[in-house]
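Pasting a structure here, questions to come.
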Amino acid sequence: MAEFLIETIGLPTWFAWTAIAGLSAFLILNVIAGGALVFIWAERKIAARIQDRLGPTRTGGRFGWLQSLADGIKLLAKEDLMPDGADALLFRLAPYVSFCASFCAFIALPFAFDTVGQRLNVGVFFVVAVLGLEVFGVILAGYASASKWSLFGAMREAAQVVSYEVPLGMCVVVPVMLAGSMDLVTIGEKQAGWAMNWFIFHDPFTFIIFWVYCTCAIASVNRAPFDLAEAESELVAGFHTEYSGLRWSFFFMAEYGSMFLVSALAAILFLGGWNGPVPVSELLGFSDGVAANAPFALRFIGCMNLFLKATAGVLLMMWIRWTLPRLRIDQVMTTCLKYCTPIAAAMFLGVMLWQLFLPGGLVPGSFRAAAGVREGWLEQSYRKESAEDESLSLKNLSRHISEVSR
Amino acid sequence: MAAAQLLPILLGIAWLIPLVSFVAILFFGPRMGAHGKGAATVATTAIGASLLLSLIALVSWTLAGHPVRSEHHDDNHASIQSHDAGQSPGIWPASHRSPAHSDAVGDSAGHASGHASGHGEVSAPISYSGDWYTLYASGALRLSIGWYIDSITVLMFVVVTFIATCIHVYAAGYMHDELHDVTDSEVQLETGESLHREGRFHRFFQALSLFCFSMLGIVIAGNLAMVFIFWELVGICSWFLIGFYFERHSASTAANKAFIVNRVGDFGMLIGLMALWGGLGTLHFGDSVSSATGQVEQGLFELVRPAENHHEQQVPDGLVAFAAADQIEKMAASNPSRSELRRKVAASVPGWREQGYGKWLLFVAGIGIFCGCVGKSAQVPLFVWLPDAMEGPTPVSALVHSATMVAAGVYLVGRFFPVLTPDVLLVIAYTGGLTLFIAATIAVTATDIKRVLAYSTVSQLGYMMLALGVGGWVAGLFHLITHAFFKSLLFLCSGSVIHACHTNDMRKMGGLLKVMPYTAWTMLIGCLAIIGAGVPFVLGLSGYYSKDAILAQALLFSRTNPQHSILYVAVAGGAFITAFYMFRLWFMTFAGAPRDEHVFKHAHESPRVMTVPLVALAIFAVVAGWALPGGLGVESLIEQSRPAGTAETTTTAGIFGTLTVPAEHESHAGAIHVTATLTAFATALAGVLLAGVMYFKPLISPVAVAHAARPIYTFLVNRWYVDELYHGIFVLPTLGAARFISAIDTQVIDRFINVLAWTAKRVASVDAWFDRVVVDGIVNLAGRATWKAGLELKRMQTGNLRQYVMFIVVGTVAIFVLATLLFRTSVAG
Amino acid sequence: MNQDAFSISLSLFALIDWHGFFFLLFAAIACIAALMVVLTDNVVRMALHLILSLGATAGLFFLAGAEFIGAMQLMIYVGGTLVLLVFGVMLTAQTQLVALRTPAGDRVLAGILAAALLAVLVQAAFSIESWQKSGQGIVSAPTATPLGMALVGVRVDQSAEANLLDAKGGYLLPFEIVSVHLLVVLIGAAYLARAKRRRVPRPVDLMASVDSVEPRSTVDSPSTVLSGGAE
Amino acid sequence: MMLALLGVASVSHYLVVGAIMFCCGVVCMAVKRNALGVLMGIELVLNGANLNFVAFGSNYLAADGRSPLGLDGEVMALFVILLAAAEAAVALAITLNFYNNHATVDVDRADDLHG
Amino acid sequence: MVQTLDEDQRIIEFDVRTDEMLVNMGPQHPSTHGVLRLVLRTDGEIVSELEPHIGYLHRCAEKIGENLTARQWIPYTDRMDYLAAMNMNLGWSLAVEKLLRYQVSEKARHLRVLIVELNRIASHLVGMGAYGLDLGTFSPFLYAFREREKILDLYEEVCGARLTYSYITVGGMTADLPPGWLQRCEAFLDQFEPIIQEYHTLLTTNAIFVKRTATIGVLSPEMAIDYGCTGPVLRGSGVDIDLRRDGESIYTAMYDGYAFEVAVMKNGHYPRDHEYPAVPKDAVLGDCWHRFFVRMLEVVQSMDLVRQSIDRYSQCKGALGEPLKLAEKLPAGDTYLETECPKGQMGFYLVTDGTPIPWRVRARSSSFSNLAVSPELCRGCLIADVPAVVGSLDVVMGEIDR
């Protein structure tokens, strides 16, 4: 887009880039903040429906759709309290740390094949790593609150998140292995075409590991039944017991942002990302020529696809939250260390062997109608990297080796 | 998809599904529902799916329009179709040669038309063979997992899966005791209590699935090696299943007995396999394409009955050359080139064949393979295991006795028929005859309901073997299939009775007709079927057709070979005894007044899950023999795959003198057929009547008869003293030898070793002194010196971590400074 | 605003070396945070500063074009520090925030030594001419793939595509050694920190599965709680 | 002032940053009596060293576009990170063990090995 | 069946030495069921000692009773176990009737069974829902309250109140049932019956629920008896006591002719347990799961009793009988009577001196004894188990503090 500003409108290069960066940051911020508003409202409605009641009905007219906004205003107006014995600096800092981590991770998250804040060639790891930093906010909050309940919450959160990063990382490596790249855009593009191309359907192992990922993702964003850090029946409100007002809402924005993020990551890694189950755009003939001229339509469809999938993931988490009791901390750790990690490891091995023997996936060669349609468009924006990747991929290497040995 | 591609896929999947079920139950059995209840569903679904696929295979076989090879037929249509099929790589109809090969032996289509004018029977039947996977290939030996599919394969698949399905369903009801903890009152622990153990429901179905898989493996097997593998698998499965109640001593003994007796037969089979492989270098039935070289390898059938010889049997070149190894060595002594030697050998092979080289080898191969069949199909002298195998649960008996294990032997003889020489066939016929007679006589005196059926199975297997031996290929296999239906029916019925009465003893039963009508009537149908009841020349139960065919063939055989007339007598007599003991069983069980009130009072009809399979099997016991219009009957289906060259009468001078194996279709000729039918009818009727007067309306007291013929009765009750004989001949000498060897071990070897040990001890004590004084002294000195040095050095150790860090930093800085001062140029530059 | 002033300030703005700017930013954060680690006594705050420092270092790695290393730094290193922090809180948050102060003499000594070391190091850093030249700013190729290939023993960065197999100098062996080493270390750590004591169970726990007892006729009679246990 | 920001990012600058971190780490190790503080010092030291590796391995920083170390620098940095993680694990385990036995994390009390 | 020490999962191993922490759970904590204060001494997350502090809700109800006539004190009994006020009313009424040697009419007897058993359902519904809440699942709570609301609606029709009814009084009831009430009650039962399965799905058989409750807080039968535990807590430990069957004759006479089986595990089986989810493998008798399950079974049992009483009541002719006059004199003497309330055995003791106002009034509450055992149950468990254990005891602070 920056090129568009530079070439068509004629803005200075630096200004174009800065403007685009600012715009991206603004948009992502809105995704989080707006998303949190919508999701909080949705959670209330969904919880209400699950529990056979109505939920918010009045604020904002029908469906109480302005409820979260009203609550937000209420929170803004609330007195900002801090306990006497608190570590003032850390107490104030903690919510922003959480929020920033959640926000930063969005930088590398592509919403469509080229709609991404900053395309990183280690995108997956960047997202996972930065998301892992969110826990600092929680720990600092728990420590700084000078409350024993908060400290308990922080401890649990730390233990849980650190443990779950192991299986989560293993789950994430699988799509990386399948795509041969850590770039989220590349990973998404590899799944273009029909739904059968999605990595979840690549082989039985990926199918299983997807569910492991779901479990670990829920655990790493602290949602029920893994919401140990804020377990209200045990720890009052866990790490945010002492928080109120805007700071408190920052934790919530971070939580909903992370929920959306891990869901979007699941969508990109396993569920085809911005590719629909049916390659509608390709079938309609948005081929190279058209695509080059009308990328906005494609982008829009892609964004919608990803949003839908990620939203579905968020809704799934809500469904689970309002259905299941909470696990105990030792059970949470058992789930991670005794089940998720070994399963993830075994599946990782399985996918590896599968790649070795059946590199084409479950239905090799078929349904690959639409792959590569957008390649021209992508190459334009990231030509160098893709060329590099292609030449260095393992496939090529093995071809070289076989040629040499012959 | 053409049948050639479709059938291996269908049957292959049908074959593998039970394996999947086995693996699933193996790993997840205990977790399938409460107490592994779901295992039954899994196994039944699996075998049901196999049945479905088999039925589809049967339909596709029929639809593929394979010619009915009864009297006149025309191969062209089918050949063309198989020709089409042959184009796809990896799938290789046995009747067909590759285009590259066709100039040598001729295309089968042209071949068939070329000879159709003559005797008309010379072209090979349609069959498909190929390999899925090569297990091992080295030199000439290629062990592979492959298929050989003709109409018998398809039919056997349907029969095996159908009966197995029925039995699975039945067993789900029968084995329900195993769903909970079981108290086995037949096993007494040392404490005097009955054994209390967990239920093994899933284990049963696990073994059942593996059993079905193994049996189907034998049926579909494309080569003898694969047959042997699955042969052994069937053996181990029977071991599992017969020994299902392994805590019972009798059950574990019976399982071991079945296994060991079978090993005896399998040893013979191994010899046969070696003979064939050594001589021919292949164990494949049909022709196949070697995946390694891409060349066509001729299969056993083609080698023994080459097409250019009008499918007449001849000793294959390989066997001839193998037998004439010394001649070849002589030729090789003059150091000819390899190709020259090969040419020379090829030239002299016909001459050697005339001299009878290899004839014995072929005979040994045939007898060897038959040995395996003797064990598996419980022929004399290896039939002793089968009655004991009754220790397994009844569904197992039904499965073992009808469609799977014992059928395997007959099936293999049938499958291997083209390779068997007339001499072998004669041996088979006599073995069968002897078996059928001995077993039938034993059955007459048995009182255990399952044992009667067991001996009747042995006897019927004898029938089949005899039929095959006298050239009644179709008759034997036909009887195999009809027998499978009614024998499984009979066993399941008896199981139902046992389930109701909780006893096996027929002397405690009687009058059960009233309380268990389903069981009684279906069992009556089974009895009628096994004795071959029917209205002569009009309609009959399945047994009627197959038994008549055997009788007719036996009669024809004894007419053409008068010196072997005894075979016909055995068959006819056997039919009489069969009728007698079967109806003795039925009358004792169901008719008359209850003998044991206690048993009668508790008797009840079995649950629906057990009676439904009975009815299903009963229907098949009735109709399985009927010929449907369009050549759809079982008999004509079998006929489609009659091995090439066995359709005409052949006369050969064999080891046992000149022998004429009459063509089977000649037994359909009026005179023979009428005589055989009437004989069968008369003997069966007589048997039933005799049973009637002894057990239904007791005009003759069975006790009196037994008393009158006491020696014979005792002899029969003790089962011809076969077990005792074996004990005397084999077991006792073995034990004696073992004792002798053990004595050598303890008296001689152990003493020698003791002496050695004593010597070593003495030497070691000397060594120890040296070690203590000299070696230890040096080491201690070094240790003391180190200790002293350490004491001095330890003052340096303050134990303060931070101080150490300081030391390191000071050291680093010092080195840097020194280096900069001393080697300024090098660092800077 | 004056049009000229606007354009001048724009052009000045354009002259900024953003790379340099971010370098300075991250370097400052890293150094100051590192210093704060030294100067703080509260363990939790120390850990916070350490995280800041390490995070800023990750930023420096990104600037230097080593994106993969940066991500790894965030993931592994910062994650590892997180554990430190947690244990810091756990072990010391309650009672021992105070009292662990070092004697001033030690501090001064350490400061002097460190200053000396720093002087030596800085001198060395500027001792070579070519190191001081600013980079060409050539956007380097992504290094994740070559890095991975190097770890499995193929140096794609050093040889042309055609003769990949001839390329030597991969890190397969060190990679394996490090892997084994990590495994050993983890086992060792688990062994070192394993449980040494166990809680003696209450009698109640030991007899949890006793079946129902008959109700007593007199509830107030002295009862005998099962005591002892399996041991 | 803004112009002064030009061209500051060179290998030497990275080395200076690394040196500062290294020295901070050393001081940290030397003055902290809390075992966890010592651990953090070690982390800083390793991190400073790592910075040098990356700086030498970066083509981006190299004056001629070809770095002295090339990929080796990054590989080394990676190894250091991994080993640092391992080291942290072991050191923590030791600290915990120490704490279990001595009920303190004061390294000055950990002088059982003195001569 | 004593497990060996090595295999015992409940033995908690230390791997980190941490400092002891003193934590206050309550009196304003979300999961302490009112104003209960638990002081926990923890070692990390492991509770080494728990001490309940009570009295935040004390309001001298017993003393007040010594200044009011027997009928006047009825509203104060409402406020003891406010979740099962009808049962409280009944206990006090029966105690006074025992003193008076008064027998209520047949019709009143069946009506009382109907009313108190319905209240037992309502009480257990709250107990169940709140227990879900304690374990972190909110939805079952609302499902339970939805059904409880319907019971409260029925009560509202009967006596005008939804929580503190004062309906059952000494000598009978304050009023007879309104017309059509029985049909509505039956309609509710029909509607409610299938919903129980829903609760089983959401909680009883839920894997996480089982994990959180099985083998947690195991209360041995001996200890249960020693601590004076009663009600579902006692029966959850396998002790077969239910005052409706084993109580004093004036109380058991009320249930004469009613068919019900005490919900307790005997020989490894609960009554009619084939109709309910199987006992999970992990659960041991006396743990939280069993206490919970006993309550679930008692809901069904009470439904049966309500149905039976509806039949009998509708067949009874005649009047309910006259309640005690507001200031009728009580004969001199003393009496004590315990009844089986939803939470356990509730006993009332009164000493009279011939005046209408009792000289002494005392109440023995079940929750008090049940809560007393919580320090034993919570020793050595995790903090997360504390709500699970205390919730499974289902205490009501109004009853404890009186």
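Order of writing sets the chain letters: A, B, C, D and E. Residues in each chain are counted from 1.
The rule is short, and it goes like this: a contact is a pair of C-beta atoms (placed from the backbone, for glycine too) under 8 Å apart; a residue touches a chain by one contact, two chains touch by 3 or more.
The structure displayed is predicted, hence computed values, not measured ones.
Q: Can you figure out the chain closest to the middle, judged by Cα centres?
A: A
Q: Looking at chain pairs A-C and C-D, which one is connected by more C-beta pairs in contact?
A: The greater number of contacts lies at C-D.
Q: Please name the chain that ends up farthest from chain C once chain centres are defined by their CA atoms averaged.
A: B
Q: Among the chains here, which has the CA centroid at the largest distance from chain D's centroid?
A: Of all the other chains, the one whose centre lies farthest from chain D is B.
Q: Measure off the straight-line distance from the CA centroid of chain A to the CA centroid of chain C, and report it in whole Å.
A: 23
Q: With chain centres defined as C-alpha means, what is the inter-centre distance between chain C and chain D in Å?
A: The answer is 10 Å.
Q: Distance between chain A and chain E based on Cα centroids, please, to the nearest Å.
A: 47
Q: When the centre of a chain is set as the mean of its C-alpha atoms, what distance in Å lies between chain B and chain D?
A: Their C-alpha centroids are separated by 71 Å.
Q: Enumerate the residues of chain E that touch no fewer than two other chains.
A: 15-16, 21
Q: Give me the residues of chain B that touch two or more other chains.
A: 802, 806, 809
Q: If a residue has to touch 2 or more other chains to count, which residues of chain D qualify?
A: Where chain D meets two or more other chains at a single residue, that happens at 26, 30-33, 96, 99-100.
Q: Which chain C residues qualify as touching chain A in the complex?
A: Answer in residue numbers: 10, 13-14, 44-45, 48, 51, 55, 67-68, 70-72, 74-75, 78-79, 82-83, 85-86, 89-90, 93, 139, 141-142, 144-146, 149, 154, 156, 161-162, 164-165.
Q: Of all residues in chain B, which touch chain C in the complex?
A: Per the touch definition, chain B meets chain C at residues 802, 806, 809-810, 812-813, 816-817, 820, 827-828.
Q: Which part of chain C faces chain B closely enough to touch in the complex?
A: Against chain B, the touching part of chain C is residues 102, 106, 109-110, 113-114, 116-117, 120, 123-124, 127.
Q: Residues of chain D touching chain B in their complex?
A: 26, 29-33, 38, 107-108, 110-115
Q: Using the touch definition up top, name the residues of chain B that touch chain D in the complex.
A: Residues of chain B touching chain D: 793-802, 805-806, 809.
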